[in-house]
Amino acid sequence: MSERYRKGIDIAELLAADKLAHFVESGIAEVAPDFARMVIEFAFGDIYSRKALDLRSRELIAIAALAASGTAGSQLRVHVASAEKSGISKEEVVEILMQIALYAGFPTALNALADCHDLLTDDNCLSGACG
Amino acid sequence: MSERYRKGIDIAELLAADKLAHFVESGIAEVAPDFARMVIEFAFGDIYSRKALDLRSRELIAIAALAASGTAGSQLRVHVASAEKSGISKEEVVEILMQIALYAGFPTALNALADCHDLLTDDNCLSGACG
Amino acid sequence: MSERYRKGIDIAELLAADKLAHFVESGIAEVAPDFARMVIEFAFGDIYSRKALDLRSRELIAIAALAASGTAGSQLRVHVASAEKSGISKEEVVEILMQIALYAGFPTALNALADCHDLLTDDNCLSGACG
Amino acid sequence: MSERYRKGIDIAELLAADKLAHFVESGIAEVAPDFARMVIEFAFGDIYSRKALDLRSRELIAIAALAASGTAGSQLRVHVASAEKSGISKEEVVEILMQIALYAGFPTALNALADCHDLLTDDNCLSGACG
Amino acid sequence: MSERYRKGIDIAELLAADKLAHFVESGIAEVAPDFARMVIEFAFGDIYSRKALDLRSRELIAIAALAASGTAGSQLRVHVASAEKSGISKEEVVEILMQIALYAGFPTALNALADCHDLLTDDNCLSGACG
Amino acid sequence: MSERYRKGIDIAELLAADKLAHFVESGIAEVAPDFARMVIEFAFGDIYSRKALDLRSRELIAIAALAASGTAGSQLRVHVASAEKSGISKEEVVEILMQIALYAGFPTALNALADCHDLLTDDNCLSGACG
């Protein structure tokens, strides 16, 4: 296990232990185990672990970019489902998705809100307990 | 002048007085004056003015979403050129654009860095003085 | 209720009373009530209500742009499901979606046709009765 | 010369004789002559020539889809530069581009307006005489 | 039946007889029969039939472009489900989808792997027997 | 210098010594030196260096995905400018870009051909000598 992987998995688990484990390791690790490892190493070990931005900022960026893409609903859900772990409240998640309408149009913002609807209507769901 | 416009122009000027004025009002206001007004009213008067997110968070979201889109270089420059006004440092802008590679691929991140190259290499350029 | 909202809801109801009410108000209004209001105010109250384009033209534009995006299947369905209300026939909807292949590629056009398949095979479904 | 090409070139010339000839034939025909022919045959000979939509509707769709894509500025210009030939006025072109903000966000709409700025500020430029 | 259609259907059937027949002809042919014919004529009759690239190269390009788009999961599946017919192994499909992360980001690559998960975990599924 | 970097730079130099060096190292390395290193390490050291696909296949995929994105003209040029080094001829590059029209529409394919026009009209330009 590389140092990059170890650093990455620490952050990934802090963010969304079961979710990420499930997401990355189940389906993907079965057909592309090297890729599952690379995602942890590069996304979390190389990028997220850099000190220049705190975790709350990293997650604002992740949620904004994933929502704006319009094609990453399941990844958006992983980050929204653990938003509170980096200090982002439910009200703030809703504001991020509303602001996305400015840059990516109303359908993309409405779809992002719909993708996360269950997470945003259950008071216990942004702490990593649902998703 | 509507209350929405007044609130919007206050934020727009706080962010990037001359830049935004220039960007929105010159070319666009000439051919689509109602649209220039709507951008101020809706983007800044309705969305940015909401209290649930502070200005630094709004700008992290704006820079992330604009960079990830891959087609909004000039809007990205407006926000990067005034990043310091909302408390985002040059080092943080670079981190945001690097993180975008995760969600939108390397070419999009490299192009965003290239779009903002002059702003990011001049120490005085994130305070609204260049752009 | 603002004048903008009143104008917007009139057009939205004319287009797709139940559909739009359902789409915008149920899920979205629950988590983001201000945003549901803004969509009505801005999209229909500010833009659609402008006289410079008739409703048929507005709907041709909506269907074309939504289909071309490739990520707005549910919004596309709302507009297709009420196409006849703005004078667009089933044959014309099919032609719009075929033409989209030129600008957005064959998969996007094929997916748009598939997204609307049930609406386009039931003779009663473009008058707002299905969807 | 195929019947499809003959039908296609008739429509292409009706729309934008010199522009399209220039656009498709100069650079593209030099490196990919078969492709230049296919564009005329398929886009104009097969699709545009179908009677189920009139030319004004076809051009509303083209301008909407090209503007919404955010990456087709030069093709957008070709269609805007001959908008009047299919009965679309300058005021209507501006309305189309404003409406695009709903589906593709403000930066995309603003960029489309900027891409066509010179065409939209010269009273003689939507009849195929500029561009 | 045009010569272009005959050439196209030959290649389409060689690639994915039942799949393509099902995909293109069932739903689409019902609402847009001319379009189903055009897809065969243009995509396979005009483009795929050209000798300058062998079928393996054509399919590498198709899988790469469809995966990178992020919105063509069902078309991606059609091509992956018959990958072995053009000499592309399961291991190679996985490598293509991993490489797509470089150009279109991790979520797009992960979604492509998930879209094809069942095809990539059943040893008999890239020969056209599943999908 | 990590082993990943060493492997990556070997492939990057084999492909496009001066071009890539210039592209990645000049502008980007100045503002984001860690990111320039990561691109080499991850894109070329981790992905391209894997044996499961030969270099010709890797480059077919790169050119297809970059062209299809519609926003990566400069990266597309880097790969096209060294196409012959991985055994892809000028005629084959043109075929790839034509085929992209199927998946990403005609404007995207036409823009890719225009982006590479000078490289495709000079007989010496696909060997890494221009660009």
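By written order: A, B, C, D, E and F. Residues from 1 in each chain.
As a working rule, contacts are C-beta pairs under 8 Å (C-beta built on N, C-alpha and C of every residue); 3 or more make two chains touch, one makes a residue touch a chain.
Predicted model only: the values in this text are computed from it and were never measured.
Looking at the partners of subunit B and subunit F together, the chains they share are A, C, D, E. Averaging C-alpha coordinates per chain and comparing to subunit B, the farthest chain turns out to be E. Each chain gets a centre from the mean of its Cα atoms; for subunit B and subunit C, those two points are 30 Å apart. Centroid to centroid, with C-alpha atoms defining each point, subunit C and subunit F lie 40 Å apart. In whole angstrom, the spacing between the mean C-alpha positions of subunit E and subunit F is 23.
Taken residue by residue, subunit B touches two or more other chains at 34, 38, 42-43, 50, 66, 69, 71-72, 75, 94, 98, 101-108, whereas all remaining positions touch fewer. On the side of subunit A, the complex with subunit F involves touching residues 34, 38, 42, 46, 50. Subunit B meets subunit E in the complex at residues 101-108. Taken in their complex, subunit F has these residues touching subunit B: 23-24, 27-28, 30-32, 34-35, 38-39, 43, 66, 69, 71-72, 74-75. Within the complex formed with subunit D, the residues of subunit F that make contact are 70-71, 94, 97-98, 101, 105-111, 113-114, 116-117, 120-121. Those residues of subunit D that touch subunit C in the complex are listed here as 42-43, 47-48, 50, 52-53, 57-58, 60-62, 64-69, 72, 75, 91-92, 94-96, 98-104.
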